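The same subunit A turns up in both complexes below, where it pairs with subunit B and then with subunit C.
Right, the complex of A and B next:
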């Protein structure tokens, strides 16, 4: 552990790590364009930016995963060239990725051992693991298998594994994306403590309130370039957002004509065992969505949302009465038959699930449109009709693309998501089920998509939104329920769904225990 | 200096066309080296292989005769391969189709059966090939067995079934103990297109198959389904396409086409059932399918090209004493280069000059 006093002195003297004029070219495309960054010991430094702004590229360079095309790194004033992550770790740089690299069938200790250099014995390592996790208030049972753990606990393994190498610079990539608000609070306590110990922390996020609360300095990237380095506490959320996006973000407005009518989507006592041995069992899920309303399903990823989506879309069949679409029992019906009943679906994964990446947009319009949109006559594809769908979607949702009918993979995340959502909305479905509608999408596209969902429900469609983003649900949902371990909580109106209440439900508390305090509604 | 394969943003349409040509050029270079090692004049050998057969009307017709089964089988295989279904046993389906169709020719032999015999034989050949292909397909769908292994091993089973029949129950009583059936009656024989030549109506059938496949793949929802299941299985499931049904469908179609090719070969140029009716058409068709970029028109061209290597190989054996097995070597090298060049459609090669600063201050 570092000595806090000397560390502070060091920070007063010179930056721990300097990135100078970092440029990374992919082909001719600059993912990073002359970005410079100074990280000081005893400081939490935020790296802010939208998806595609170049945050990941920059940290991968700092962690030695990729080599910059131009520019250099200085560690304590001396120029370094990192050949790989092990090189970075040898210098004292540690990183926790957004996607964990853990083996589900191994225990916590075994996973940690795999990530270390293996010079100490397994027993000694296990003891040190228990010690470090106790010291930092990150409780872990070294003997437990990873697949039994929650996402928050898995993240703890990654953090403890990193701390066992005693790094001076810690890089965390969107660590709270998978946590409940309460788990995030616990993480912040740990980070504050690491900062006081004199370590430097590079904290990647696009959540502005978190950055304002936690970070001492913020560097903002946009389109691969550095826009500014500032003190986030001196900025407002909207001034930070403006720097990130480069323009004001449209505010989503609720549609005016919203008549809540009959239930158009109903799920009754849905229980399902997963195909995948590590999948989640759905247990006795019951809810309904009326025409004209948006039901939000919150929850930490991996609590059965994927399984629920598959059961609703028909990719996974259920007992017949468990899923009812427009009054018709649909549990045994295929995806195509459900679409013919007027349902539409938008999965979480854009490439490979929502679209075939290497196929043209017109073919991807046919992918879901062949069921019910007059694109097929006597088995023959009406190509002008598929192209017309592309054109209509492009106009209605402002899909930016290089040519009229490119391959899906060539679109940016936001534009492809607008296409996928638009493709379904233009069919004017009676029921729309959408999973993570704005995941990894730039703020402008996210606003367009949320507005479109609101407008659609205003026209009488029943909309079900599965999302990890509580702010998003607060913005558009009328009612909210929480998924935990394959069960769904009671639904509550968005007004009574406070951040605290949702957070406790996301962590597995029962609804009754969460009643008392309702401090501030998340919509406020 | 570093050699890097870099992913292209979009697949290169230009390379997609050029890749088979590059592969052929590389194959010719490699073959030249092989010829030189064997002590033959490479230029002369390549001339005998690839040019001489094109200068003679008889060999030109022979090329078409050889290309007919190759193209028909390869079209069926291409449907499988596009859908990511790996039917390697077209040779077996070819033989089994030939056996099924021949049964009718054998039992009607010497009777005064009418002109219905040949059409019925063709139908039985196709059904036989499809039924034989259903074995690996059902094993895959039902039990998750590898269709590659099952279909490949069934080739040898079909070969032995045919062997048994022509040496046992179906042997021509007047055949002086040769393992063949009696020569088929005229009503059980595919008519020739030109009097006195071996060019037969099967070539027309192959052309029709090419056109139907082009329309199906390019214009119909079934063709779209085949392409999506192969390119993005999860998206296909989301689209409502059933990949298990598609395994059965593509195996059935490719088996039927291989079986049809088998009975046409037997009832056409060969004229009776005997061992050795196929010089490995079912395997060479795999190369045809890939060389033709799994595209029906491409397969037509590739089928003619590989037929040329069969004919040219025979010519080289006669006039230059080059072993016939070298034709198989040639076909193998060609497939190798085709698959290698295909990666250039999605990737580009870049030479990168790296400047590495001396490492300072490494801990």
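Right, the complex of A and C next:
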């Protein structure tokens, strides 16, 4: 462990790591364009930016995963060349990836062993693993296989693995993206402690509150270039957002006059065992969505949201009465038959589930629209009609693309998502089920999509939004329920759904336990 | 020698090539590579093994020729699927077709020739023990090598760091790459090892099973070896059980034919292949909550981002 030094003393010293004029070209496209960065010991440094701003490229260069086209890295003032992550680790640089670099079928201890140099024996390593996880309050069972663990526990493995290398610089790539608010708080405690121990932390995020709360310095990237380095505590969330996006972001707002009507989507006592051996059992789920309202389903990924979506869309059949669409029992109906009842579905995964990546947009429009949108006549495809659908979606949702009808895979994430959501919304469905509508989408496109969902519900559609993003649900949902281990909590109105309450439910606390004050009041 | 002893001896002989080829493929698949070219590499091993033995007069050198031939074909596979990132299934199938054709060409001049087969290794006194003596201590070198190979593979996979890295690469090549492990290098070595094993398995046929070469003499054993790896859920211990089970089915159908049960001989000959299909169907049906044991990256092409 390093000697504790105060943050002030540390920043008076020379930088621990300097990145100078880093440029990375992919073909002619600069993912990083002359980016410079100084990281000091005892400091948490935020790297802010939209998707595609070049954050990941920059940290991969610092971790030795990719080589810069131009520019150099200096470690304690000396030039270093990192041929690979093991070089970076040897210098004392550790990294926790956003998409965990874990092996599902191996045990916790085996996963940790793979992240170390292998010089110590397996037994000694296991003992040290137990020691470190106890010291930092990150409990782990070394013998469990990773696929049995929750997302929070998986991240713990990554962090413990990194700490066992005793790194001086820690890189964390969007560490709170998959955590409940309470789990995130626990992580911040660990990070503060690491900072006090005199380590440097590079913290990648696009959550501005977090950065303001935790970080001492922030570097903002946009389009591969550095926009500014600033003190995030001296900035406002909107000034940081403006630097990230380069423009003001439109504020999403609901129509003032909204009236809910009859239930258009109802789920009654839905229980389901999964197809996938690593899947989640759905247990006795009941809810309804009325016309004109948005129901949000929160929860940490992997708690049954995918299975619920499959049961609603008809990819997984259920007992007949478990899913009711527009008053008709639909549990046994195919996806197409459910679309004919007026339902529309937007899955989480854009490429491969929402669209066929190598097919053109017009063909993709046909794939979900063939049943109910008059694009097929007597078995023949009406090509002008499919192209017209693409054009209408393009104008209505500002989908930016290189030509009129490109392959789905050629669009950026945000534009493809606008196309997929737009394709369904333009059919004016009576029921829309959408999963993670703005996952990995830039802030501008996210605002467009959220506004469109609000407008659709304003026109009387029942909208179900499954999302991990609590801010998103707070912005658009009328009522919110939480999924945990395949069960759905009681729904509550968005006003009563505080972050604390949702966070506890996402962590598995029962609804009763989330209201300690009330219990006290009764006891008194 | 009693009938039971004779049957057991012939079961061992029929099982050994399956076990050798499947052991190699197990390592290949554990590294995340699906090489469907086992049949092609085996038949090349058979042709070159026979040629080597005929030219040098030594069954040992013949076996080395077989290994080299299997590895050479595996190197083509590695070049295509690893270095050039071509689809593994298509390349594997093409490899089998290539191997069958090429072995016919190489072996054409040797058809009808005879060699002295590999001698059984008799161990003084021990071989003389009644019944089990010949079974345990009177086999040819191939049999001992196949058993040692499986034990070695088990030890490597579960007791060494190299084995851990290999399993990790098969489970998630992106994670392994992110941690800095040389995914393609490890896969290259695994593919070459698998080729060598398949070549040795092929060489066993003309060097120890029948002392002559006929084109197409592997007769689908490579495909059975592939199925065996799935049957064994990618675990070495079960691989032995599976190989001997399939070997036994092969031999029993011969004896059943000899008894004249009135079942058409073609149907009996098809029995091992039918058994393969039935077993694979049963395995896929009984998949439980523990999940399929298949390496998660199996068959996926890996291109490192640079």
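Convention: the second predicted complex is superposed on the first by the 506 of 524 C-alpha atoms of A that agree within 3 Å, B and C clash if a C-alpha of one lies under 4 Å from a C-alpha of the other, contacts with A are read in each partner's own complex, and residues count from 1 in each chain.
In this section, a contact is a pair of C-beta atoms (placed from the backbone, for glycine too) under 8 Å apart; a residue touches a chain by one contact, two chains touch by 3 or more.
Just so we're clear, the structure is a prediction, and the values are computed from it rather than from any experiment.
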{"item": "Touching partner for A:246 - first (subunit B), second (subunit C), both, neither", "value": "neither"}
{"item": "Touched partner set for A:139, first subunit B, second subunit C, both or neither", "value": "neither"}
{"item": "Which of subunit B and subunit C A:327 touches, first, second, both or neither", "value": "neither"}
{"item": "First, second, both or neither for A:384, with subunit B first and subunit C second", "value": "neither"}
{"item": "Touching partner for A:21 - first (subunit B), second (subunit C), both, neither", "value": "neither"}
{"item": "Which of subunit B and subunit C A:78 touches, first, second, both or neither", "value": "first"}
{"item": "Subunit B versus subunit C as contact partner of A:110, first or second or both or neither", "value": "second"}
{"item": "Subunit A residues touched - subunit C or subunit B, whichever exceeds", "value": "B"}
{"item": "Set intersection of subunit A contacts, subunit C complex versus subunit B complex", "value": "none"}
{"item": "Residues of subunit B touching subunit A in the complex", "value": "6, 9-11, 219-222, 224, 227-228, 231-232, 234-240, 242, 356-357, 359-363"}
{"item": "Parts of subunit A lying in touch with subunit B, wherever the complex brings them together", "value": "27, 72, 75-76, 78-81, 87, 90-92, 313-315, 334-336, 339, 345, 347, 349, 352-359, 363, 366-368, 370-371, 376, 379-381, 406-407, 409-410"}
{"item": "Residues of subunit C that touch subunit A when the two form their complex", "value": "161, 164-165, 167-168, 171-172, 174-176, 178-181, 287-293, 295-296, 305-306"}
{"item": "Subunit A to subunit C touching residues, read off their complex", "value": "64-67, 84-86, 89, 97, 100-106, 110, 113-115, 118, 147, 277-278"}
